[in-house]
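Shared between the two complexes below is chain A, which pairs with chain B and chain C, respectively.
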Partner chain A sequence: MTVPVRIEHLFKTYTRRRLLGKNLEKPVLKDVSLTLEDNHVLGLVGESGCGKSTLCKVLLGIEKPTSGLVEVNGQNVPTLSKSEFKKLRRVLQVVYQDPYSSLDPRMNVRQLLSEPLDIHRLKKDKQERKAFLKELLTAVGLSESQLERYPHEFSGGQRQRICIARALALNPQILVADEPVSALDVSVQAQILNLLKEIKKSRRLSMLFVTHDFAVARFLCDDIAVMYRGRIVERAPAEELFTNPQHPYTEALLSAVPSVHAPRRAVFAGQETPEEHPERESWACPFAARCRYAQPACQTQPFALQEVAPRHACACGVLPFKNHKSKSAV
Partner chain B sequence: MINDRILKRIYTNKTSLFGLVIVVFFLLVALFAPVLAPVENPNNAYQLPQKSYQIAPQPPSAENWFGTTEQQYDLYYGVVWGTRLAFKIGLTVTFFAFLIGLLVGGAAAYFGGKTDEILMRLTDVVFAVPSLVLAMVIAAMLGPDIKNMMIALTAVAWPSYARLVRGDILSVKQRDYVTAARTLGARGPRVLLRHILPNAIYPSVVVASLDIGYVVLTAASLSFLGLGAQPGTADWGQLIAMARNWVLGTPGHPFAYWYTVVAPGGAIFMFVLGWNLLGDAFRDILDPRQA
Partner chain C sequence: MNRSDEPILEVRDLHIEFAGEDGPLPVLHGLSYTLPKGRVLAVVGESGSGKTVHALSILRLLPPNARISQGEVRYKGKNLATLGREELRKIRGNKISMIFQDPAASLNPVLTIGQQLTETLLAHRKMSKSAARAKAVKLLEKVGIAGAEKRLNEYPFQFSGGMCQRVMIAMALALEPDVLVADEPTTALDVTVQAQILNLIKQLQKASGMSAVFITHNLAVVAGIADDVLVLYAGMCMEYAPAAELFEHPLHPYTQGLLNSLAPVHEKVDILPVITGHPPLPGKLPPGCPFAPRCPFAKDKCRQVCPPLFEENGRRTRCWLREGK
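On to the complex of A and B.
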């Protein structure tokens, strides 16, 4: 059976050409493999700059991968022809992070929502179009009376609803949500999250949900993949990840979530180094420099994701082993 | 684009209303020039009627409302028909400069790479020479004539539009809503025409409206220097040129011939002021965030 999204051994390196000297190469995604299952929400969690958004861009075909496989419904995205690519748009849609900049300020809601239909020549009949737009607005919690208004007349949450409606206009099967609530204030976040959850259920959507907020991920996601410096360091069903994190980075992130009940613990061993040694970076554990469990072996051992439990993969050779030992000792 | 919202904005802002009133007034003068100042030379309406060959200007009178300038050319006729000529020069030059700038800047931004480099270095070359000096050189090369003067003015006015359009297209190209349109499946032409141009063009429209006044001012300078309209033409710059010998008045009476400068100078001043105020109003109106 083909899954909605399958990414295998994806590499993406940005190259800045320089007139003199060597071209600057910045590897952003390193050997990323992911699977988004049907009617699941896969959360992609990681700190800023770890490559989450680049992954989305590659999946959406905005950026070309350096190497690797990006399959949507069994079709490899980077090799699609223009017309196949356009068809793919109706399957795969996206909600962006910033609802302030992702809506054309010179278009009113009617134009914004009609655009995807015009592009794909859908619902051309006037009555049908009208009914469809109404239905779409109702689905995202807006009303027909707001059709003639412009984006600047709406609040952030309402704008994000418009963005969601726009993405849903093509009736996609897969939705990529690139930090859709991080630009909104907390009270509005909950409304948008509820909306996404509801839509996922009513439309049987599969969703790739990018976030840096664990609370948000826990609320919405079935599976979670944790990224660090362009790699997936751990991947597990959501509840499993929260109750039994196996990678030191996941553990550190989870305990870094501020809580009013528990005092904060020191979770990172060292400071983040801005640029790691390029040679070592390419294959050893990227987190070793900040890891409190770091062993000398971490500097030499190759980095690899390994199954530690069913559906649970982790890229650390030290911590699962240690946990396992301490458990067996008790 | 013209709707209640825009009209309301013009009415509520006093300075923009003032600008609009001035421009509309000049527009009416230009339209009704044959009524306001009947043509005396049917072959060339822009030819100033000459009352006599007496040298010294004559003050305003019942017959010549604004007085006469050197060699008895009628100032009233000159100001009225000069208005029509000012619109002709301002609108034509700005239109063509805008068009050339849009094509050059648009091509540079859209194709990028080498095309961008070549086109932009070309505009830099034009920019490097002071525009009035360059316009003078071109006008002098082509010969003193109103048409040649307009060519010269267009040749120096387009680079600012090219640069503006290119910069705005490049910045709009990067915006999220352009990427968003692409991810909806929109292709190049649609993205360019529906999203990039409408959002990138308005700063240039504002500059164009401010430029109409400035072009007329520069045209007047060229005419003043003898590189545009010829003596006897109903051109504001030319009228001031003809006042050159009388500006200082007579010994002991510095303002003896004030009317030779006040009528055409005032017209230029008001015309430029009107377009500037209107340009400011356009800037406010074309920003969709200000409803």
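On to the complex of A and C.
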């Protein structure tokens, strides 16, 4: 059976050409392998600069991978012709982080929502189009009366609803959501998260959900992949990841999440800033410089992702947590 | 916590308005609080609630189209709103300093970190350039930047976002101010860096006995750092309480709604309770309580008359439900 998205051994290196001397190469994605299963939400979590957004761009065909396989519904995205690519857009849609800059301020809601339909020559009948737009707006919690309004007349949360409606206009199977709630206020975040969860169910969507917020990931995601410097360091079903994190980086991230539900935890109890060890930068394990469990083996062994439990893979050979369960992060 | 009697910073009935096309647009409606020495006050609110405007007004950094229409901001008894320019200069950066949201944008990209750090010192203290530089090195070390001596000669683009924010903190703390105003200091940063920066501010604040006003939209951030929390909605204080009590037992329906709508990290939930609707626009406040249209407990009275702040056990809540409690 083909899965919605399969990424295997994906590498992406940005090259800065120089007139003199060698070109500067910046590897951004290093051997990334991921599977997005049908009607699942796969969360991609990591700090800024870890390659989350680049991965989305490669998946969407905006950037070409340096090497590796990027399959959507069994088709290899980088090799698609222009017309095949256009067809792919009906299957694969995207919602971006900033609802302020991702809508054309000179188009009203009707135009914004009609554009994808016009491009793909869908719902051409006037009555049909009208009914469809109404249905679309209702699905994202807006009303028909707002069709003639312009983006500036809406709040941030409403704009994000418009972006979601626009992405849903072509009835896609896969939605890529790149930090869709991080630009929104908390009370509005909750509304949008509920909406995403609901449309995932009602439209049988599969979603790649990029976020840096673990709380958001836990609410929405079925599976989570943690990225660090262009690599996946841990991959597991969401609940498994939260209750039994295996990679030291996942643990560090989880313990750094502030929460009103457990305020004044260890992070604030006078514990010093985690130590950094710049001398370990050259070690084989990319996380060694910040790892509190680093051992001599980490110096030479580049740990690949390996299964530690069914569906749970981790790129740490030391696997300290088997002995450190009591230090579980959350 | 030892409170001293005299407040360091006192905001009294502060009203701020913007000049709009159809007359003034009020954005802050009579905000009052006192900040005792050594306490950290968190001002929490959504975008448009007036929290940043209030922060800017403390040091009179409001944009030209905004003005304080009523009320005062007192620092050790002096009204900052009417202070002369020269006097204000002596306070800015020296007695009260500020950290902004976007560290990369708050640093001058064409000056080295060293130049920017020593500038503050040289402007307010009589010291030689070499002494200022030595002090700058100490400051960078204090905020946890390794190889400080060398890094003084580097430019902001050579620093990461977290590092830039550390530099901003070093700068803000250079003159050992009495009050630190931090406007969303960690919003632009990653969670791990955020935790480091919050720890750092808390440590330095404790060590120096400084007071701080912490502006944020993220309740979770303030849970670990604030002593008191003030919840702002549509330019009004809705609830003011010690942090522990507020998180344990929020009294105002808005605070309750905000806390409920946060996705929890420690458990999986199926649906997030939301506050329906959205905040009123400035100048378009409903006649009664500004939160009434979204409040699940609203009664007729709430829609007609805006409640005052009711006091009980050192907490203040703007809600008719708390009347006579």
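General remarks:
Everything that follows uses one rule, which is that the second predicted complex is superposed on the first by the 295 of 330 C-alpha atoms of A that agree within 3 Å, B and C clash if a C-alpha of one lies under 4 Å from a C-alpha of the other, contacts with A are read in each partner's own complex, and residues count from 1 in each chain.
The criterion applied here is as follows: a contact is a pair of C-beta atoms (placed from the backbone, for glycine too) under 8 Å apart; a residue touches a chain by one contact, two chains touch by 3 or more.
These numbers were taken from a predicted model, which means no experiment stands behind them.
Ranked by how many residues of chain A each touches, chain B and chain C are led by C. In the superposed pair of complexes, A:Tyr228 makes contact with neither chain B nor chain C.
By the touch criterion stated above, A:Phe132 is placed in contact with neither chain B nor chain C. Of the two partner chains placed around the shared chain by superposition, chain C is the only one that A:Val186 touches, whereas chain B remains out of contact.
Once the two complexes are laid over each other on the shared chain, residue contacts for A:Ile62 go to chain B alone; chain C is not touched. Judged by the touch definition given at the top, the superposed model places A:Glu47 against chain C, while chain B stays out of reach. Per the touch definition, chain A reaches chain C in the complex via residues 47-48, 155-158, 185-191, 193-194, 197, 212-216, 218-219, 238-239, 242, 252-265, 267-268, 270-274, 276, 278, 330.
By the touch criterion stated above, chain B contacts chain A in their complex at residues 175-177, 179-187, 190, 194-195, 198-199, 288-289, 291.
Of all residues in chain C, those touching chain A in their complex are 46-47, 144, 146, 161, 190-196, 198-200, 202-203, 217-221, 223-225, 243-244, 247, 257-259, 261-269, 271-275, 278. Within the complex formed with chain B, the chain A residues making contact are 60, 62, 82, 85-86, 89-90, 93-94, 96, 98, 101-106, 115-116, 119-120, 150, 152-153, 163, 166, 170.
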